[in-house]
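Paired with chain B in one complex and with chain C in the other, chain A is shared by the two complexes that follow.
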Partner chain A sequence: MTTATATNLKQVPLLRRYLNLTSAILVVAAAAMIVVSIQNPSLLVNTLATGGMWALMAGGLALVFGVMNIPSFVHGDLFMVGTLVALFVFTPIQSMIQDAPNDFVLKWLGPFAGMILAFILGAVIGVLMELLLFRQLRRRSREQWVMNTFLLTAGLSIMFENVAMMAFGNLPQGISRYWDVPPIDVLGVPVAMDRLVTFIVAMGTLAVFALFLQRSRTGRAMRAVSMDETGAQMAGIGLTRIYQLTLALSCGLAALAGAVLIWLTPFTPTVGASPLLIAWYVVILAGLGNVQGAVVGAFLVAMVQQLTGYYLALNWVDVLPTGIIILVLLFKPSGLFGSEVKGVWEQ
Partner chain B sequence: MLKLKGVESGYDLLQVLWDVELEVDEGEFVAILGPNGAGKTTTLRTIAGYVRALKGSIEFNGKSIVGLEPHRVSRLGIGYVSESSNLFAGMSIHENLLVGAYTVKNKQLIASQVDLVFELFPRLHERRNQLAGTLSGGERKMLAIARGLMPSPSLLLVDEPSLGLAPIPTLAAFEALKQLSQRGTTILLVEQNVNTTLHLVDRAYVLEQGKVVLEGTGPQLLSNKDVQEAYLGI
Partner chain C sequence: MVTTSTTPAASAAQRGPQRLGLIAAVVLIAVSIALPFVPPFTGQDWQRYLVGAALIAASAVAFDFTAGYIDIVNFGFAAFMGLGGYTSAILVNTYGISPWLGFPLGALTAGILGLLTGLLTLRLRGIYAAVMTWFVALALLGLARNLTDVTRGPLGLAVSPLLATNDNLPYYYVMLGILIATLVVLTLVIRSRVGLAFRAIGQNLQAARASGINPTVFLVANFTISCAFAGVFGVFYAHYYGILTPDVMGTSHTIEILAIAYIGGRGSLWGPAVIAFPMYIAVQLLKVQLSSQPALYLVIYGLLLILVMLYRPDGAAGVIRSLGHRLDRRPKSGAGPAGASATPTPGATA
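Right after this comes the complex of A and B.
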């Protein structure tokens, strides 16, 4: 029997096994990126920096959907909370830096304080949301769960935005940059320090996130819950704790993205609306609940946005990704990386 | 070790178990037999905490476990292998086993436990990197039992390991359970294969319409008139 399956596999022509829609799109995207980056390296830099942040947003969104079946529409407001934390933590640090321009530790590491605090506050909000809302709802009824949690998060989002508006007003408040230093030379291209750090933070966080899901005992438990809750309980995994961790992680990542990106998107009560939409584009494009796919999809969407903004016009940046998603869903309704196997980190 | 007294349980609109009395001693191999819909699965699910007992007591090692959440019951040392296996389809065999050992903190212990279940099921060892979702029915059952064994439970509840299996894999599954029992694991088995089961186990209960109607040792039940007529077709 073993040999039969082995030969059967070999008989499928290599070309046909790898020639599918997903790989075709990935190859086209990679090719486009190479051509563009030769012509205009700053487009590549922007794609990687913003793509990394969309990956943090979309990854968290996919995680919450994969593990808890919650289509979150409050995710963008955690991004907004992140920009707020960054604003309030960095403003005093900024004046401290101005007072002591020779304190290099403060100058280089100070900006990270806001990012770390944003992650922590985001995680705390996530835990509270689980405790006060989703757990209560689950205890009462699991019927119509997806619809109910959609309404719950949408309502919560309106609350977040109005409270923010009451407390901080409608006007944009931001910082022009975290690091007041000349651009850094990366392979002959001058890159602003903030952009570089955005990229590095994104990559570092994504790597830790991936490693956590793939290798750690708790990450594995999270994936187990996403695939079979009963099976996970049989293994002694408590669902409540996993749910709490899932929301903490995903909300923390969204707030981190907001804090890191404040130099690009200053705080307004609705600053999270656009990142939320983009994260949803990405998650739908990649296949609902698939974190791995969401990370790749985020870079694809960021690339399409950059190309549209540069070659077409800025107000087209949301049109093209949506168009592409419609096309992908027409031909592959389960999304680019979707499959029958449900799980947050499986292809 | 496990003692059910006057247990009544069921689902929202339907009570399934009526006054079930059942006992399993340390080291014993006990079976629950009965027709479809008798409430065998419901009995195991009630013990494991997935269905809440409405009445009666369930004691494990002298302590009540009624109302405990399923993962708490599992952590007490009660392993449960369900009818549908509940495997993690997107994980490899090896990873399924690792999740099974979630409550085991000692890495060496996990490794030796993996070796042990691979010894019990060599077929799983051959395919250790294959995704659980692509396994055959028999392989799935083996993996479900193997995963249940990872935390070395002192009591293992097994629901119909023969369900959907051809005669030869069925024998393999029974053989594995026999070996486990000989190694000292206490087992409560639910089965439809009455003849084979009665030759295998120490004692058995017959459940009909949610009530225990008969109990006895394997040979006793094999020679019982009612059992012969209803289940053995003699």
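Right after this comes the complex of A and C.
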């Protein structure tokens, strides 16, 4: 059925092609955001900051699903690992800053040490996951792969969470002053440094990520594998390396998001649950395995979250998105940006 | 993964193990009835473990009914249980109806929600259903937390007990009855033509569709049945423990059921029921022994789940089944055809 729409795509008049549900939702969302941000600019700032991080989470999730057909349930726990790394790297740096309050390098670049290490550790965990789990499962059987890997990651997620609980306890541990500098004026709106840096890191990472996927040889190989595994193999692409790289990249991005966002979400063993939910929500909304769609969807979801949190109450944040996603699945089952390309998992 | 008698020769060869299975079932039921009178289980604590084990066994069986046969993971199973429980608890509390009437009502609400969720997601691929049930579960959890007028939120809703006694023994027999009824009903469904359609869909959707099966109808039917059963267990949970908090619906509760179902062996129904008793009781003892590490049992669940997924996808049921085959073959090793056709055991395929 998806191939039929693909062939029809060219015959649809230009106007109708852009007058669809997806663009309608995007326009409404943009309008809502403009209206709201005039009333309350901090909502816009928060949307952009958190949206960027959800984009990193959801982009990684979509990538793993697209390339390896793994619906990862362990993604949120890499976020948790990221917060842990930031905590352990930045706490000594913070005491060094207190000793030398005027040290420019420490003050401005200190937090980045934790972020970079978080990305590296996340990537290492990703490679280990591929070597120890997914490769073993692939060797045994590829039957019912999607469900099996889903359960595998679910089991892994319980282990991550509860080992973290046993090792670091249940209490939230955060960093109070990630950037000890006053807010900066952006177009007359005071923006706290942590939000600004979050947004900049998100945009920078996404740009590098997109360039890598679109332009580099390896990125092209990854996209080839996600479209047609056998075909990619025939063209001489080594699957093992691509798989390792995919998991490393996606897990690294999740850990990075955790390290960057620690000012908002302090470490607890289950801190990853909500980012995982959001990432999944974004991925279903945008269409499974669609990386670009996931990035746009992430900002949409961040906006819905901020608006619900502001106008209703914070505890409704889980309820409303589910309602929205039910509507989306009713009218556009393949997601807002549902891809016309049939993934490996659908065959 | 699922043994199906496709040819007459195979079904003749299976008659042996089937008889063995029947004997085993009768023995196990007898043991489970007699169990509360065997020394360690005579204490109230141990009988409480038994009730919990029977409850989780039944849940895992109903979970396996979808996960093992149509390959759909209901990641919100606990929430459907919770919905059934809350329905019954609220109706009993406000209208004073008998808790026994709660069973059909709880099954009804959970079944209806299952039907709607199934209609929405089951025309898509399995993973949509898994993720969507998770969303629905979190939404229900959020509703239970927020609608404090009805559910009292995290404070917990006090529920009137099912039986006018504090003794755990009668509750155990009620739950055991529910467990056996669940097993019998679901096994009969699986053995019927409808069950054949389920297995066909689970094994090869395209082939099932090609042979004239409308997958969506059967998928939704299966899912609805499983959710209705979840509602029944939720009602028992509510009226047994006497208090309902939104945490009943939490993902970790689902994962506990899911882990038992997969460790017990997917696509067998009896496997989860058999493994639930030793696993649940061992976990409870571990919790009591190591109260300083309350998270340890979940680590064990996670590790076992991973190991089962990687190395023994047919779970404990597969292990028991292959032992049974060996046991069955030994006495009549002279009979050629039975011994020969028993060799392709499921799960032995690499």
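Everything that follows uses one rule, which is that the second predicted complex is superposed on the first by the 327 of 347 C-alpha atoms of A that agree within 3 Å, B and C clash if a C-alpha of one lies under 4 Å from a C-alpha of the other, contacts with A are read in each partner's own complex, and residues count from 1 in each chain.
We take it that contacts are C-beta pairs under 8 Å (C-beta built on N, C-alpha and C of every residue); 3 or more make two chains touch, one makes a residue touch a chain.
Here the structure is a predicted model, which means the values were calculated and not measured.
Of the two partner chains placed around the shared chain by superposition, chain C is the only one that A:L133 touches, whereas chain B remains out of contact.
In the superposition on chain A, A:W280 makes contact with chain C only, not with chain B. Once the two complexes are overlaid on the shared chain, A:I158 sits against chain C while remaining clear of chain B.
In the superposed pair of complexes, A:A29 makes contact with neither chain B nor chain C. Applying the stated contact rule after C-alpha superposition, one finds that A:T230 touches chain B and leaves chain C untouched. After overlaying the two complexes on the shared chain, residue contacts for A:R220 are found with chain B alone; chain C is out of touch.
Judged by the number of chain A residues each one touches, C leads among chain B and chain C.
Contacts of A:G238 after superposition on the shared chain: chain B is touched, whereas chain C is not. On chain A, the patch touched by chain B and the patch touched by chain C overlap at residues 346.
Here chain A touches chain B in the complex through residues 2, 217, 220-221, 223-224, 227-228, 230-239, 340-343, 346, going by the rule given at the top. Interface residues of chain C, counted against chain A in their complex, comprise 1, 67, 71, 73, 120-121, 123-128, 130-132, 134-136, 138-139, 141-143, 145-146, 251-252, 255, 258-259, 262, 293, 295-296, 298-299, 301-306, 309-311, 313, 350. Within the complex formed with chain A, the residues of chain B that make contact are 48, 50, 69-72, 74-75, 79-82, 85-91, 95, 98-103, 126, 131, 133, 147-148, 150-151. In the complex of the two chains, the chain A residues touching chain C come out as 71, 133, 136-137, 140-141, 143-144, 146-148, 150-152, 154-159, 161-163, 165-166, 269, 273, 277, 280-281, 284, 288, 313, 315-319, 321-323, 325-326, 329-330, 333, 345-346.
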